[in-house]
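After this come two complexes, each holding chain A, first together with chain B and then together with chain C.
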Partner chain A sequence: MTLPRQSSWLLLAGILAGFLGASWQGRLASGYSKPDGFRRFHQRISPDALYYPPYAMLEALALARWHPGQTLVIIGGNSIFNGVGQPVDDLWSVQLQELLGARYVVVNLAFRGAYPAQGAALVAESLLLRGYPVIYVANTNPPAATGRAVGGASGYLYWQALYQHRLSGYAPRETEIRNWLQTLPPKEREQQAEERLGSWLEAWTRHQSLWHHIGYRHVFTVWNFVVAQDPWGARDHLPDNEPQARPLGERFKNLLPEEMAIVRGYSANMAVQDAHQQWHLEGGNRQRLVDDIEKTIIPSLRPHTLIILNKNCPYYLNLLTASERARDTAVYADSAQIWRDHGIACAVSGEDYESIDYIDRAHLSSDGGRKVARLVAQQIRQLHQP
Partner chain B sequence: MIFNTYWFICFSAVFFPVYWLLFLPGLRRAWLIAGCAVFHYHFAGPAGVIPIVVIGLATYLLALTRRRLLCAVGIALSVAALCFYKYALFLSTDVLGAVYPAGAVALANSARAALPGAAPLAISFFAFEFVHYLVEVGRGREPIRRPDDFVLFAIHFPSLVAGPIKRYYDYLPSLRSGLARVTVEDVAAGLQRIALGLVKKIILADNLTLALNFYGDRYDSLTLGQAWLFLAALSARILLDFSGYTDMAIGLSRLLGVRLPENFNYPYLATSLQDFWQRWHISLTSWIRDYVYIPLGGSRYGLARQLLNAMIVFALCGLWHGPAWHFVLWGLWHGAGLVVNHAYPRMLGPLGRSLAGHFARQPALGWALTLLYAAFGWLLFFYEPLRAWSMAAKLLALH
Partner chain C sequence: MLTRYLPKVEIPVPLRLLGRFLLGLAIGVLFHYMLYRFSLPVQPFIYVAF
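Entry: the complex of A and B
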């Protein structure tokens, strides 16, 4: 396999030129690469299908739609706000755009399994720092709270944003992440170190931007069961195929005991009763939420943030005892108040919803999506008068 | 996989250019030792490094005496370390547990308490290289005098994780040549080999692994054709994975100007099982031949003893791949195949000789049989015996 001397030099020069060319292409791609007709990161262009959209793509998606005079509404949070359960034409964030009108631009950057402090929050923070008018909307629930900017399937976005100098250098967040990294088992710490190093390199070489651009437009290189029918096809050939909800009679039947345990878990270990048998958020949990907010949401973003606390489907809530329901309600109300106490608008969704508004314990159907879109539109108007 | 981590890419981006720019062999040597130590420490951690340092130091010092008995002590130390770190739980629960369950539980609990979370990185490769070194010195070869030469032989980072298993008398001259001069041809050839390895490992083998994991869980619902395709993918995957990794190791070493032995030579083109084992994981096969099979007597004491030796050797070869019965069975599968392959021309008389002649005239037939035999063996390598049997039965339409 040994080449003669001249050919060897040519090969090395070619490798260097190829590397520089690829980095340059990656840099270009990080500026313009984004899914066409983007509505959300549906399953086939999400980490579920081994597609990890680079941070630059998220910003590019938001800015591509924005025009001076408009307010950007960046949607974050988890699968509920991603719209799992709603076919793309019925997507709640599309309805929110219609309700808000042309003075707002709604961009749904929610990922399955993400937290309010992740991904979309970083885009909102970055754009706000650069002077764009931004409202950040995310969903969560009392036990999940804000989450942490790193960790999980979309935590890599924090490292990318950090090394691309998009974030504000918020010391409490950085300290908390540093402390968290120290607590990880060696394997996970190594994984985080790799994620971090890859993000640092991405800032220089844009290799992830280039790979995702090629994977979206031309050819994908990693097999995945989610796209087993067309594993190598460009991801732009794969439509958002979120199915219609099953008929109401067929929903909520699977894993009832497990789901009930989760529903109870939302408040079981979070509340205590006072002398009048009234439920309240327990002191330690109250403090945890306070700490979470203070360490993860930067102060300048808080007045521009709306948090929606999603309640579980009434099918399950109705199976709780009266005391458990009261406990659940108290935990939501107290949590919402803590968010508000930190200057963050917060509302609870689902209090007047019916079972038909859900496809399962947590995810909203098209009907539920319409309701949450109305709630969010109303909250945004109260929060912000353009 | 270590060679495609971001850490290793950053390490390489610093390590190799400096190595090339240091023209003085002494400086290059120091830089290489530092690089190997950093690499080993990063991926093995202190718990993985300390045992290797202890065993390595003992091996180095014992070999310097050139006394056979002390070399044997060193060999026993390496083998004991390998057995302790890699096989203690298997030996206590699976082997002792079969005959003396109560004692096995106590022994397993003691082993769990004493063992680190994971065996030291590449303990099998360390043990095999140290044993090779001590055996050769015990047989009269010159030991390595310079401690830095020994350190580089022990922790030469390209081959540290998955071989090839080096021979010190081949390695040291090549190391000295690399320290004296790395040519542009070496660098170009090394990069080509790394690229080949990356394509085999990341593009082909890793994708096959993902698909095999998915379809492996659904194997029972596959059609007969799909099941055969699954077997073909399984066979391709192990070759591409391992040979890809070896290509990267050889390529990285070539970037240092150091040549490592080849490990694969188109094994799926073998026309007999004997031929297969001269082409598959060559450095392991030759190690087992030289340090287990021949000392056991090899073919010197008649056919029956030779066949028994082959079975023992392949059972150990299987066990080397991991502490589980299915690896042992995989080794025995190949041992039995080799026994038949070797014995039938003599055992079956004229019919055997006629068959052997037929295979000699029709190499394609031997190739097809060997490939099938090796492919069915991979079921035992990857799956528990009952599962492997059930998968094989489906392929043979025995369900």
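Entry: the complex of A and C
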């Protein structure tokens, strides 16, 4: 063989070895890579800051502290359960762990802007299928319902879990996702197709696992405005910096008309009055929630699931008319009953909370976090005795 | 060309071949990294409370 030809073959062999070696390292990283002293996906290790934790990391986090004989309490849902508004030392899920004791392992996998059907729900489903004792706890509100496993900033986790064969192959969910994809405008459909392709490749090449691990431990290679003060630094140097809530007198002052419109929107188009002027969840919305639950939460997970419906801050609720407040209460009560009718434990949080329990319209302060931790602990004990 | 003024250094063949292989390794790792970069969304996720 001539020297140039030898040289070309060696270059090719090097490319192949480099790619396969990186994939192998990624596969190893997918088994061990996880944030240190994990409490939650705070802003600097979340999609807000271009850190998209691979699905394998979520499972690794869930199992990191678990030992046989313990029950895993996996927390999903949105920013309220992520603990936005609570400094990490006051985080509600840490208090939940203290209340539940050593027989339970609480892992907060909630993401900002996520839904009960996303991320953490898939981890709970996967671990339950593999025989782990799991309780899944998530928050939502009546209009948001279950959400969909795909879409939004956390939707990629469904595709990754799917292609890593972690899910049960629940036909109603798959059909619903297929139908949803067909309704998307071409640009969004293309975006979903790319997300899906990337997730399929991740199952083989583990590029997300490796480069997120490197970004967390060594150097982050993509600039992002959230961490503009240290964009290239390893994310393990950036602590959870969720601030203390402002003094009560300074809260709730911004965007009052807009916030009131959102508060009214939680029930305005969702309820109807009967002949006795009593509010009830309207039939179409009732059916939508039923469909959502049946299509997104797999039946085997339902007896192990607790849903918390978060009410808005009383500062805003008290500005509603008496009829609007009654409508809001009815929508929450009827929605909770539908969850329960499907074998899913459900409770409403915030009914007896005060303004000091919130930092804004929706997010709980450290005071509110303590209250919701007590509620969830009580509900878990009713749901499950280890 | 400027290269004509550079001293002519004869690199041993095994070293040249090793260099090619190492270059290949770097390109392979770069391909792997590009998969990660291309998978990141073009538009950032900006969290808005709902």
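Observations on the structure shown:
We take it that the second predicted complex is superposed on the first by the 379 of 386 C-alpha atoms of A that agree within 3 Å, B and C clash if a C-alpha of one lies under 4 Å from a C-alpha of the other, contacts with A are read in each partner's own complex, and residues count from 1 in each chain.
By definition in this document, a residue touches a chain if its C-beta (ideal position, glycine included) is under 8 Å from a C-beta of that chain, and two chains touch if they have at least 3 such contacts.
In this text the structure is predicted, and so the values were computed from the model without any measurement.
Once the two complexes are overlaid on the shared chain, A:Val222 sits against chain B and chain C alike. Applying the stated contact rule after C-alpha superposition, one finds that A:Ser79 touches chain C and leaves chain B untouched.
By the touch criterion defined above, A:Ala193 lies against chain B but remains apart from chain C after alignment on the C-alpha atoms of chain A.
In the superposition on chain A, contact is made by A:Leu201 with both chain B and chain C. In the superposed model, more residues of chain A are touched by C than by the other of chain B and chain C. Shared-chain residue A:Gly21: touches chain C; no touch with chain B. Applying the stated contact rule after C-alpha superposition, one finds that A:Leu11 touches each of chain B and chain C. Looking at chain A, you'll find residues 3, 7-8, 11-12, 15, 194, 198, 201, 221-222, 224-225 touch chain B in one structure and chain C in the other. If you check the complex, the residues on chain A that touch chain C are 3, 6-8, 10-23, 26, 43, 47-48, 50, 52, 78-79, 84, 112-113, 144, 153, 191, 194-195, 198, 201-202, 205, 207-208, 210-212, 221-222, 224-225, 262, 360-363. Of all residues in chain C, those touching chain A in their complex are 13, 16-17, 20-33, 35-41, 44-50.
Of all residues in chain B, those touching chain A in their complex are 5-7, 9-10, 45, 117, 183-189, 191-193, 203, 206-208, 210-211, 214.
Residues of chain A touching chain B in their complex: 1-5, 7-9, 11-12, 15, 186, 193-194, 197-198, 201, 221-225, 228, 231.
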